[in-house]
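Two complexes are shown next, each including chain A; its partner changes from chain B in the first to chain C in the second.
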Partner chain A sequence: MTQRPRKLSSVEESRHTALENVKKTWIEIDHLLAPLSADVILGDDAGARRSSLSSHSVVPQIVLDLMSQHVLDKLNRLFDKVISSLAAAVARIQLRNSPSPSWECMDADLGQSIMSPPATTVPSGNQVILLEDDVLEYVIEQNILIRTLGYSIHPLCPDAAALQLRWNLLRIFETLVSSCLKDPRLLSHESILVPLLGLFDVCTGKRDEQTDRKMMAVMNELTYCLKQAPDLLPFFVEVEPEVADAPSKEIRDLRILSYLYPHIHNSGETGQLARSAVLAVLRIIQSEDDLNRHVAEKSDFCGILVSGLCAFYLSLPHKCFSAFSPGWHRINPYDVTCSLELQHFTEYVEFCNAVMKLSHPVVQEEFTKRFRNHFLLPVVTQALTQFSDEEVMAATAYFDYILRTLEDSRLRACIFAYLVGTSSGERNIMDHLVGNILHASSRLSTVTLAFFQTLLDMNYEPLLDYLILRFLNEARPFLSTSNDDGDVFDDLALAQELLQLIPAACQLLDFDLDSGVGTGEPAASPSALKKFFGKKSSERPAPVESPREPPLTLPAYTDYLLAARCKLKECWEACAAATDGDRERDSLTAISVRKTISLFPDLELHGVNFVGPFVASLLFRLDHLLDDQNIYLSLQLTGLISRLLVYPHPQIWNFLFSRNDNVQESGKFLLQILTTLKTAIDLIIPKSNLGKAVIKRTYRTLLLRTVKADSPTFENGPAGSQHLLSPADKSPSKMSGFFGRKSPTETPEETVVNSIFTEASAAIPESVEFSSTSPRYRRGSVITANTPDAGRMRHAAYAAVILSEFSQELAAICQERVLRTLLPSPTD
Partner chain B sequence: MAAVARNTAGGPPSAGKIFQFKLVLLGEAAVGKSSLVLRFVKGHFHEYQESTIGAAFLTQTVCLDETTVKFEIWDTAGQERYHSLAPMYYRGAQAAIIVYDITNQESFNKAKAWVRELQRQANPNIVIALTGNKADLVNKRTVEYEEAQAYADEQGLLFLETSAKSGVNVNELFLAIAKKLPKTEPAGTRGQGQTVNVNAAAEESKGGCCGGGGGSASAAPGGAARN
Partner chain C sequence: MFDSPQMAPPTFSLSSPATPTETRSTIAAEYAIFAEYVDLSSNPCDGVFVVPSDSNPRIWQGTIAIIDDGPYDGALLRFTLSFRPAIAIPERPRLTFASPIFHPLIDPLSGEFDLAFLFAQWSNKIRMRQVLVAVRNAFTVIDPNGSRNPEAAALIRSSPKDYRTRVTMDIVDTLQDLSNDNTGLGNVHMNFGPWIPELYEPILKDILSTGAALLVEKSRADSKADRHNHN
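After this line comes the complex of A and B, so read on.
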């Protein structure tokens, strides 16, 4: 398909024609606009000294012309031609000078539009024009750009026409700037640079949606150019006029950056373009100390960035609508896809991440400072301390989201310092959030627990110190701080003890939930435990594929072991990586223990507060698991407690399992609470076929609510893979079909179970709201096996499942901790 | 990338219409999206192209028969963490290139997920091109040409295997898209004779505090219907 090059003479001829056409077009444009004024003079910066306006008693013809749509259309068409020719010329230049790709054969289907190697024609008889630099040179020599800009700012030029001229100039520059890559010095040529900066100035003064966007597009091209030719940067930096005896020039303005300021907050494409250009500029100036100092100390840059964050944050809805679906506890990807505001906000937070990553240390520091003073302190505080529960819930969820989306360690440290920064006598934000753990609204509590999960997942020791360690250190200084003091066999015995906390009815279950209710005898405790200890995955029965329902299997204990191993590894390595220097710098424990405790008088009533309000609140909730709570809250709660126990610090572990015999206080420790819970559950749900059926149905219900991993609405449970029961309620319809099904071979047990689960609202029980005014410990009435209260039994069944999973989680963590302390570098 | 401006004998240069299209690149991290763009727009290739942060933006114009086509190219970051931001970039896009790496089967699966997402959420007339990049790594291929071609045919997508490194098929890719894009002014967007509301233009929207979705402002002020 390639043809032989034409003879030289006709190539010259067509080049000449191209040039002539451009000349002709420009002359037409110039002729049209020239009557504006013959003597407009431009100064050597973008300011124009205009010729004095003569007083016209009549409107000049040119003004009338430029207000006519017909004329404007014509002008546009002329500019179109210029731009097309330029585009063709630029493409040509790029082609000639790019490294040669390997040329494929021309594909006939793509027809005539394929590019060809230089000096080759395109077939099928049409004449070909090869454009070269002549066109560009003409544009430059004739000062086309400066002249056009001059016309556009002439006082007589009507607004619409001026706007259009600016528009067309931007289009020209968009094409031109990309050509400057060939010879970046072109950009510094006066007849390109002067009108370019002048145009930017004018467009910044006279804003318009379309020119704004186009200008930002040109800026992106420009930054790309500067990346290739950084020695052009000084042309875009304004310096103070030279003063006698001054050793060096002061920077007045980094124009390549300041032109972007008005657009950084824009929520449309203009904003995206502007932010993309900002990042490019930060990269370019990374090693320029003077410039960065100017940006940090003198310019508005950081202030504008942070006020953008405020603006996007404040545009978020005050209530998260998906929060009304049961089990919702934090912002997930599905929420983001449903909300435009969240997408914008996310993009902006990612932009802040990128800024921190790419900018010079002085800029990072200034940005961090403003992040705290102008975003966290005024905006976030106000949001978290509102009166409306729903709004606080939203604010907490957004705060959690920010914490998870921000990558920069300095910004995170800044957030932690903010959380515990306090004004005297009042609760700080951290205390305030801790207080929400026991809030009457279970939804708010659940979201708060999820927030603390996020905090703990950061593996940030000063935080742990603030929430727990300082209380333990002060109140129980004799607690062992070394992991090596324990007896391995004591630890393993503890693991076994934990497994014995599994409610009796749960111990009857096989892995396979699809097997019939009536089959199999209830196993005695030891053999049931054998089932959980060390059973390999390969020994699990294969799930029975049912045509209607997905196969359901319980996680094997080995799954918990594996999950625990991974979590311990990640957490212990992160904690070990923190240096002493970090610890000193990040110390948050200036606040007295006594003072914090005094801020939670209700908890003090219980005498458990010596462990600090955070842990005390969690234990309190756990103590009431059977009575008061929402199942989703319970799941978050147990997840949070087990996360605490993943930390390497032995004081935490030792305290919660009160291994130390010198226990003076009669607080309720973890083992005691769980034992009491198990006892109560066992009273309600018997260890019988009925009990087994109830538990089985409960598991099915909960497992059906988990969403498959590859669906777009997948939600990871707070503790990752461990929490297979994390409900992500995206398809409640799944469940309604499940309930009320009556099989022809329904056993008596199944009848009872069905009646329990189809009572009134078939959904998972929402909580009896935690309604007490004083948080006194309440015992529910004892249910005997003979008078099952269906609702009570259902509630107990969910508690049983939670306890069963929790016990296994804890036992697994216990075992893996032992392994980890025994083996210096366990193979994972 | 060569633009050969065609011309009917003796007439003025084919500065006919200029059409502007927004084109977005999607695909898993490290498949070569940025490299493809760079090769097309700047003719460069860097072996160790840095990871895109946010989105990068470049334009390129190609000359096509009687028309000039300008691409506004939005090159997105491929990491999964940025997935939820993708709609902001493909919203209002007339064309999309979904890139996978022929040596990475997982990236091909991801590409198919992108196709499904665009078919559900993007502009219904969007022109989609599927691209198997890194075609130069012949010995490490794990995704067969035929398999991808069959999939593309089934879904009505353009399909090419490319190499940003060697340049193979890079220009062809963009030109094929340019050719497939409709070159008529769709009603109501970039129609001829749009006038700028002078009052609106005179009002300055200072500060630009966000609020409200951003539209894609691709129409020209005044009577400029194109580009």
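After this line comes the complex of A and C, so read on.
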């Protein structure tokens, strides 16, 4: 056999002492528990109960002993000793660093097929395993583990003692299994494997928080071992006994996975351990078709996963967002850190991502099916179609969050199909959500707009088709405009035109908002269009960034150009990549245009026939930018419209920038709406120093919103991009102190401006109501914060800034789009 | 948002200090010029080569090569196309030849080509491609009604043969001048020299095959665009 290396006598001695200690300890334990041992047969609880009840008159005394805390404490101390001896033994084995020479011969019948019958069902008592450690040998020879387990399940063993024994057994296995990393054959040994599985069974039947956690820890150790020695997997697979000899085995249970089921939903450490073990098992069985088919079709795995998702989803707060800042529009990382439920939900969704990534196609397919049938259809639908605005808002935000958190493309596609294919009343879910864009609650609208932003950011063309293209295609006969032949150079003039839409008072702004020096635009450098347009270029100049001092400069037009270029590149490439393999479009757009239009009677006058309810709603909102609109809603709105224009589809572009007179009666187009807005704003905000000061102040407020303060709610990562139109959640009301301060060099205009933006009103208005009694702006008169004129001007100023930045954003997209259209193939 | 670190922010030939409004119109004008260049380079026209100046995006440098049976056959004419600064699109550019070659439409002193003669009405519908093709064609079909060089106009009417002799002399001169930079712009992007087969033939071959690949790519892109339109 193997030749043991020579050892120093002192090492031999200490090992001998260790062995003696273990023996002594075990005898003591056995003595304490021995009276329970009679007639107990593992695996036959009922028989054991009967026999022990009938034949043991001493039982009451033992039970009494085992109920005393003193005895239990003693038992615990003894097990501590055993465990530390075992740990030392394991450490010795691991230090020895010897490969297992006898592993191959012992494995003779295992090696052939991974699905061979588990060796545990065959009596293998005569097998000689060289454990190379006396302590370990003793533990195994004495069947200590089996006997302890036997004591623990004895019907007369008091619950507390049984729990104690299970706990200690788990600790022993934790030590033993970790040693199997080095020497996996240990795991296959009958006197380890049988009590291990038995213990798992018992612990699964008798749940306890502590043993649950410990059991999951052992399971994790076990998966590490199985990863190293996948040949051991059959030990953890139960096959149908009657067909055990048939060529293809009918799998009854993948035990290693089943043990994890009850713990997957645990929101604490136990759950985390269980989920990481699940992932490890999925990875181990990845290439085992039969096992995966069993998991997908016969086991509860997918059902349990999805019911966990439902449980975590339903535990989320139903209306928690009233506490958030007025600009809140979607769940951000800060919200997640604030809510334990959201954290648990996030962890679980990420777990689902990992399951989809690691599992076999049959499991993926089953999970997707259940995700739709048991989560989306019953749970999400119910949440999205409640009566309370607050609850619908929360549900929409959660849905948005799910969409952003799920990574798997099949699950996303499943969500898209669900949105269109599921009806709630007359409308399907998608139309239901589109309807919320015009909801009276501006907060619900804002959240809904953010949700559509997420949808559009997925660059999923079937979706675009459903929301817009199918309407445009239907309306094509009425819409044939000169634009259709598309001289792309015309769009350069369009860009100029868009820049003319910047309100007059904003055009006056040619100063740095802080110091009055510079323009906020990059300083004139010898131009290098080539540098900008060329493939390779010098590094981007580092943006001015300081975490404390808010950089209050006007956003440069070149920032918009660069942003437009990035967005166009990403979107056009994504759409080009998808076009070839796109087959879902038909199913999504089979829904009749006419039917959808009929569901939005309110929008009929606003061009819904041509663009469908989605774009019609956006244009309707935009048309009312100056009315009763929430500023954050306006920011979301303009962001969404510009996102639509990033798509490569010429129909969308041509429609939104259409000038065809024939269609004018049925709805306004983007340019008309913007022109009207500019005219109205220019009437309200004078082209005087006062107007300039009001605009300046408004810019300050909005820029402060985008400045990264100590709150992590700021979500637009890259520094230096002071993109006014990008959504951010910094509540400006926190900055209101800023406006209460009197500047020592206050001009008469600033005095008026300060009265317009008094501290109370400095926060961006949720919605500004207009008084019909004072339709005219009284030029030159003193305005105070409480007069309708002040409110009107304040609100118009916000609209002016939004329009100014929106015009630039659109012009930038327009210019960059011309270049991208002219390029034969994107090469950058 | 700015996830491509290799992408530079746009820089433009702004005269500092500029107001944001001025900046935006400068940028708009230069986008228009660059769009023309992208248009030309993705769909080049025969015999005309242009490249934007390194120092000024409003100036293109170019060469027209004429291969026909006319008097200008074999000419390589360098020119500068300049777009007026700070003026937006609907403005006729100026096209000036490096050597004032003998032609009714070319000023014998400045070398400026009379674009107004070819494009009396300027509009932003006129593409630089059209302009350059028209200029190239003006050397093949010589219009005697040009008035920039009355002597040339008169000579082509009276004696085409003498006209041809006169032009040939000029061509010889321009070919000799090719390697000199008299554009005043410094950095010349196009250099001319003798044909060295060992050196240039592999490059030519490579260009031809790349060009073919680009054509395939373009037709594929076109058909994709068609599909979009029909949906």
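As a working rule, the second predicted complex is superposed on the first by the 638 of 828 C-alpha atoms of A that agree within 3 Å, B and C clash if a C-alpha of one lies under 4 Å from a C-alpha of the other, contacts with A are read in each partner's own complex, and residues count from 1 in each chain.
To be clear about the criterion, a contact is a pair of C-beta atoms (placed from the backbone, for glycine too) under 8 Å apart; a residue touches a chain by one contact, two chains touch by 3 or more.
Here the structure is a predicted model, which means the values were calculated and not measured.
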{"item": "Partner chain(s) touched by A:469 [first = chain B, second = chain C, both, neither]", "value": "second"}
{"item": "Touch count on chain A, higher of chain B and chain C", "value": "B"}
{"item": "Partner chain(s) touched by A:576 [first = chain B, second = chain C, both, neither]", "value": "second"}
{"item": "Contacts of A:87 with chain B and chain C, given as first, second, both or neither", "value": "first"}
{"item": "Partner chain(s) touched by A:592 [first = chain B, second = chain C, both, neither]", "value": "neither"}
{"item": "Partner chain in contact with A:325 - chain B first, chain C second, else both or neither", "value": "neither"}
{"item": "Which superposed partner A:333 touches (first chain B, second chain C, both, neither)", "value": "first"}
{"item": "Chain B versus chain C as contact partner of A:263, first or second or both or neither", "value": "first"}
{"item": "Complex contact set, residues of chain B against chain A", "value": "1-9, 12-18, 39, 41-45, 53-65, 68, 70, 72, 74, 81-85, 87-89, 92, 166-172, 175-176, 178-179, 192-193, 195-196, 198, 201-202, 204-227"}
{"item": "Of chain A, residues touching chain C in the complex", "value": "465, 469, 473, 487-489, 492-493, 495-496, 499, 502, 507, 509-510, 518-533, 536-541, 554, 556-559, 561-563, 565-566, 569, 576, 579, 648-651, 716-718, 721, 723, 726, 808, 811, 815, 818-819, 822-825, 828"}
{"item": "Chain C to chain A touching residues, read off their complex", "value": "1-21, 23-25, 27-28, 30-35, 38-39, 42-43, 52, 54-57, 88-89, 124-125, 127, 214, 217-218, 221, 224-225, 227-229, 231"}
{"item": "Chain A residues within the chain B interface of the complex", "value": "14, 17-18, 21-22, 24-25, 69, 72-73, 76, 79-85, 87-88, 90-92, 94-95, 97-102, 104, 107, 110-116, 122, 126-131, 158-161, 163-164, 167-168, 171, 174-175, 178, 181, 206-213, 217, 220-221, 224, 262-273, 275-276, 279, 308, 311-312, 315, 333, 336-337, 340, 343-344, 346-347, 350-351, 353-354, 357-358"}
